[in-house]
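After this come two complexes, each holding subunit A, first together with subunit B and then together with subunit C.
Let's look at the complex of A and B:
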């Protein structure tokens, strides 16, 4: 059936559409990532089942802390105070660990230091004494930096407030009369005189602060060096899109979401097309009471708004230990999404397939097959259903993308995915970051989603163009 | 005509009854009282709540009672989560906010989309048309959620944070408060404050898909025989498109508008949740979060009824605008 579809005239026409081929390539790329992620998860699952250790633990990778909170991704440079805050963040975490009585521990690496891990970035292995010495150095450098930072901050405030005052006075000057103007000019001059030494002092403090920052950063790198080699590549991937509000890797979460999206897309579109084709074709082909039942199902289910259906299912499953337990069974938690979307989406496919089969069953070749004496079921499966393949194909691509788009909206409403990252949960978490002008999380999630939906729109347009001569372009 | 409507209604009564049956079963899969009160509730409270909703009766009795309530429109029981409010009160008060967003959205998006589609069809194949269609595909591919979040941020959140002037409120809804003698004026201003931004976002979201659909309709219509005849008789292109074609293209347009009527009720859940507009979708989602069983059950019944009625209405109106459709 697939081979016949690939060789059909529509497919040849489709292959001539360059844009659509490019879009198919993009979808292929997403699909490759999806297959890779699923492959790694299955590998881990098997490894754990036979008592080994998980090698990739991808889902864990979306939960661990890799950076200070809300660090921007590549290309965006941080302001000096943001850089200072990052160093302070590292210092605070380490202070908590190094305050403990490390010398009396049997193995400080297991008991304390692994809490400091930022994915691949770990404390440099060395003798305990050596590490403590490095920590002392970092601590000292940081304390100096801290003082300089406070001083610089005060100076900046002071200079800023004087400048504001001068600007205000200048504003007054414009509308003032001659006698007052003289007075105001005097005030401005006094303020400017006051400003000059402060600016000079700031110019002295600033380089000192930056130099000290370099020293502190160097000490920190001694203590916790950036990973190199393959580990470095992995850490680079984790950090290249920055981190979210709890310091988790945005890149990991955004790419892992491809798996969740494709999973939902495949299951929902697969179920819907399958049920829709079977029921629609059977209804049209056998007519009579079969058709009556199919049509009754179609009317009943299409009378329930899909969101209401979902809401009822969500209510039905709340508190269930199997289907509402995202921590333990994140995959089963999706069952309510599959059910609701499946119940709602098969109807459209069933209607179209039913119409097509009604047309096909009157054609000569079906009559010929009947005359030869083939069975009804054989004719339906061998001669009728394969000729609706292009409809199934188009519907699959439409439903696939419909399911992914709905997932995003439902996750936002709190009815969708939980227990694993998805574009919907990422976007809804990120909406509060906008007020800090932090766009990395929402940007990454919606960019990946946008590219996928766009590619699918182009492909399904091209498919309709190629297979449906009546379709207007 | 009336016979047709009556037949449709009669056909849909069993459909509705079976929907209610299935929905009530689904809502009782887990004990609603436990869902609301937690696993170890106070015995007295438990008895009170289950007696109030009649949950201690057998299922057929509950079914008959609830159908009776739906038929007589008697939703007088109290909400569990919103103390002191009856379900009917919540239902009735949530309708105007919903409509004050969805009706303008639907109307504006149809007018704007049809206008753009006409423009596109007029310049078919030329750069104007191509640009518009590329824009439509791009617009269609952006998630609804992204439109809402960025729309609110750039037109309401950001100006408010920067101290700049903006006509839009970030969230909330209180348009029905007449203030002094200029009550009407105040209402309009309040509407602009709370509802205009959601309406604009809704229109932009709808436009991507709608323009493409309407353009396809127009283009298809423009290859009909009567258009060729008009052109052969020497009518100008402009006259053909705006006089001859537009009139006939209105049939599919009206069909599409009709078929989106049910979504007037349910369609704007996302907008309502994000902008805090206490419409029907907002109340339903809140009831789910609070496990407010009486409200959920009544909303489900109401939504299904509205949905069925609007489908019937669609069929009837479709037959009215298109004389080729016979009422049979």
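Let's look at the complex of A and C:
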């Protein structure tokens, strides 16, 4: 059927549309990522089932810490105090490890140091003595940095408060009378005099602080060097969009969400088109009571908003060890989404298919098929339904994107995906930090979603132009 | 066209003592509608002999197509009822009462059908080969290879050039005439005993029409299939039919061998039909083409008398209006449904008295 479709006139028309071809390429790219992720997960699943070790652990990769919290990605900048906080975060978690009695451990690498791993970025493999020496150096550098930071912070506070005062006085000056003005001017002069040495001092402390920051950073790199080679590429990918509130890789989460989105899109669109085609075609073809039942279902279900349906289903599944256990069965957690959207989305397809089949069943080739002696079911399945393939095609692509968009909305509301990342949960998590110019979490999720939806809309539109009989000239 | 066709007409086969392949008795088909029951075909009886071509002629809405679809039981079940005495005897089974399962085994295998519109009679999403193969698969137990060979052979038989290539093509790649040939190939691939052709050439242009009719004639001889040809084109009838049945408003009004019908029509309607064919020659030069005034009466509101009465130039205005004529042997020894059949001089002038203008007559009443 697909092969025949490819050679049809509509397909030729579709292939002439450059934009649609480009959009198909984009979708292809997404699909390739989806297939790759699914493939790696299946590989891991099989490996674990036979008692081996997971090689890729992609879902794990979206959960682990790779950076301090909310580290910026490219195009985002950090204030000096944020930079200081990152170094302090590194220092704190190392302190916890190095405070232990490392020398009495049989293998401190396994027993203690692996806790420090940030994905590919690991503690420098060296002799324990060497490591401890480096730690000493980092610790020392950090303590100096800490002092400088506090000093700088105090100075900044002080300078800031004096400047505020001066600004207030200048404000008073504007509406003041001549006698008062003289007095105020005197006060301003005194404050400015007071400010000058402080500013001077700050100008001394600040470069010192930045220099010390570099030293501490260098010491940290000695201790935990950036991975190089392939590992470095992987780590670079993990960190190029920064990290979220829990220090997880935004890039990993955003790209892993493609899998979740496609999964939901495929399953929901598949279920909907299947149910819609079967019921719509049966209703139109057999007419009578079959049609009455189908139409009753259509009108009844279309009057139930699927959000309500989803809330009911979520409530039904709550506490279930299989369907409400996102830690262990993140795939089954999606069942309630499939069910709710599947029940809601087939209606549109059923309506369109029903109309088309009503038209087709009156055509002469259906009568001709009867005249050849075929049974009713056979004619419906082999002669009528294949002629609705273009509608199934268009509906599938529309529902696919509809399901992905709905997933984002539902996850944003907290009704959707949990236990694995999705664009909806990412946007939901990021919404509070948008005001801090921390945009990659919401940005990457929205961008990937936007590009996918746009590409799909272009392709659906081109498909409609090419295959819908009302548009075919 | 007519004259040309007459010369081509084959000699009528001797079927006086032969067994009919298909025997239809008192076929009455009614539809349930919102306006009540409508009888589209009323008490139609005929026999179809082996190797014979029976033409069913009449204008639009006279029940020709319903007759053929009733035989095949292709009408929608939930609105169609058949008369109590209806008998469609085929191989000893009354098809009007047969099970759906039996009908499936008869359709396509024993009785095949060709439709009027070749453009929509083939499924657009499957290849010609697939559709031929499908029919063969359903009705025979040939292997894949044999079915393919047989399919290509059928395409060759219906004179399609490059059958191997065409076998792989889709309907939209073929012209209307080619598609009709494919339809004929599909209909004939299981060697049916009866072929019902429902206006097979109406949608085709005249040259293609002649080719298709020649083809059907040739195939009939080769495969000795009985053909029931439904048409409103008397030229087609002249070209291929052995026997003709003329229908009007759901009733058979005249029946007989094609030559006799053409030369000695007994019913005024048949006569009028024949006169409305354009002819060449001095007699008709400069004259307007004869037409039949009025339209076929509505089936929901049939007159009590002869159904052709209000259009008939020979109506007597009394008996014709109140009493419906029965299908009786006419003066030419052929069945005709008329109180005053044409055909012999002594009876004819007796009833041309009242009016040749039925509408004016009505206005006076």
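The rule we apply is simple: the second predicted complex is superposed on the first by the 461 of 473 C-alpha atoms of A that agree within 3 Å, B and C clash if a C-alpha of one lies under 4 Å from a C-alpha of the other, contacts with A are read in each partner's own complex, and residues count from 1 in each chain.
In the analysis below, a residue touches a chain if its C-beta (ideal position, glycine included) is under 8 Å from a C-beta of that chain, and two chains touch if they have at least 3 such contacts.
All of these numbers come straight from a predicted model, not from anything done at the bench.
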So, after the overlay on subunit A, do subunit B and subunit C clash or fit? They fit
*asked:* Just checking: does A:9 make contact with subunit B only, subunit C only, both, or neither of them? Give me first, second, both or neither.
replied: second
Using the touch definition from the top, say if A:386 reaches subunit B (first), subunit C (second), both or neither. second
Subunit A contact check, subunit B vs subunit C, more residues touched by chain B
Q | Touched partner set for A:450, first subunit B, second subunit C, both or neither | A | first
- Pick one for A:442: touches subunit B only (first), subunit C only (second), both, or neither. first
Note, angle between subunit B and subunit C viewed from the Cα centre of subunit A, nearest 10 degrees, works out at 60
* **Which superposed partner A:178 touches (first subunit B, second subunit C, both, neither)** => neither
Can A:300 be said to touch subunit B (first), subunit C (second), both, or neither? first
- Query: For A:75, is the partner it touches subunit B (first), subunit C (second), both, or none of the two (neither)?
  - Reply: neither
In the overlay, subunit B and subunit C get no closer at Cα level (Å) than 13
Counting only contacts in the complex, subunit B reaches subunit A at residues 12, 15-16, 18-19, 23, 26-27, 29-30, 34-35, 137-138, 140-146, 149, 153, 157, 161, 215-216, 219-220, 262, 265-266, 269-270, 273, 281, 284-285, 288-289, 291, 296, 299-300, 303-304, 307-308, 311
As the complex stands, subunit A meets subunit C at residues 1, 4, 8-9, 287-288, 363-365, 367-375, 382-383, 386-387, 389
Given the complex, residues on subunit C that touch subunit A span 72, 74, 78, 103-109, 112-113, 115-117, 120-127, 134-135, 138-139, 170, 172, 183, 186-187
Within the complex, subunit B is touched by subunit A residues 296, 299-300, 302-305, 307-308, 311-316, 318-320, 405, 408-409, 412-415, 424, 427-428, 431, 434-435, 442, 446, 449-450, 453-454, 457-458, 461, 471-472
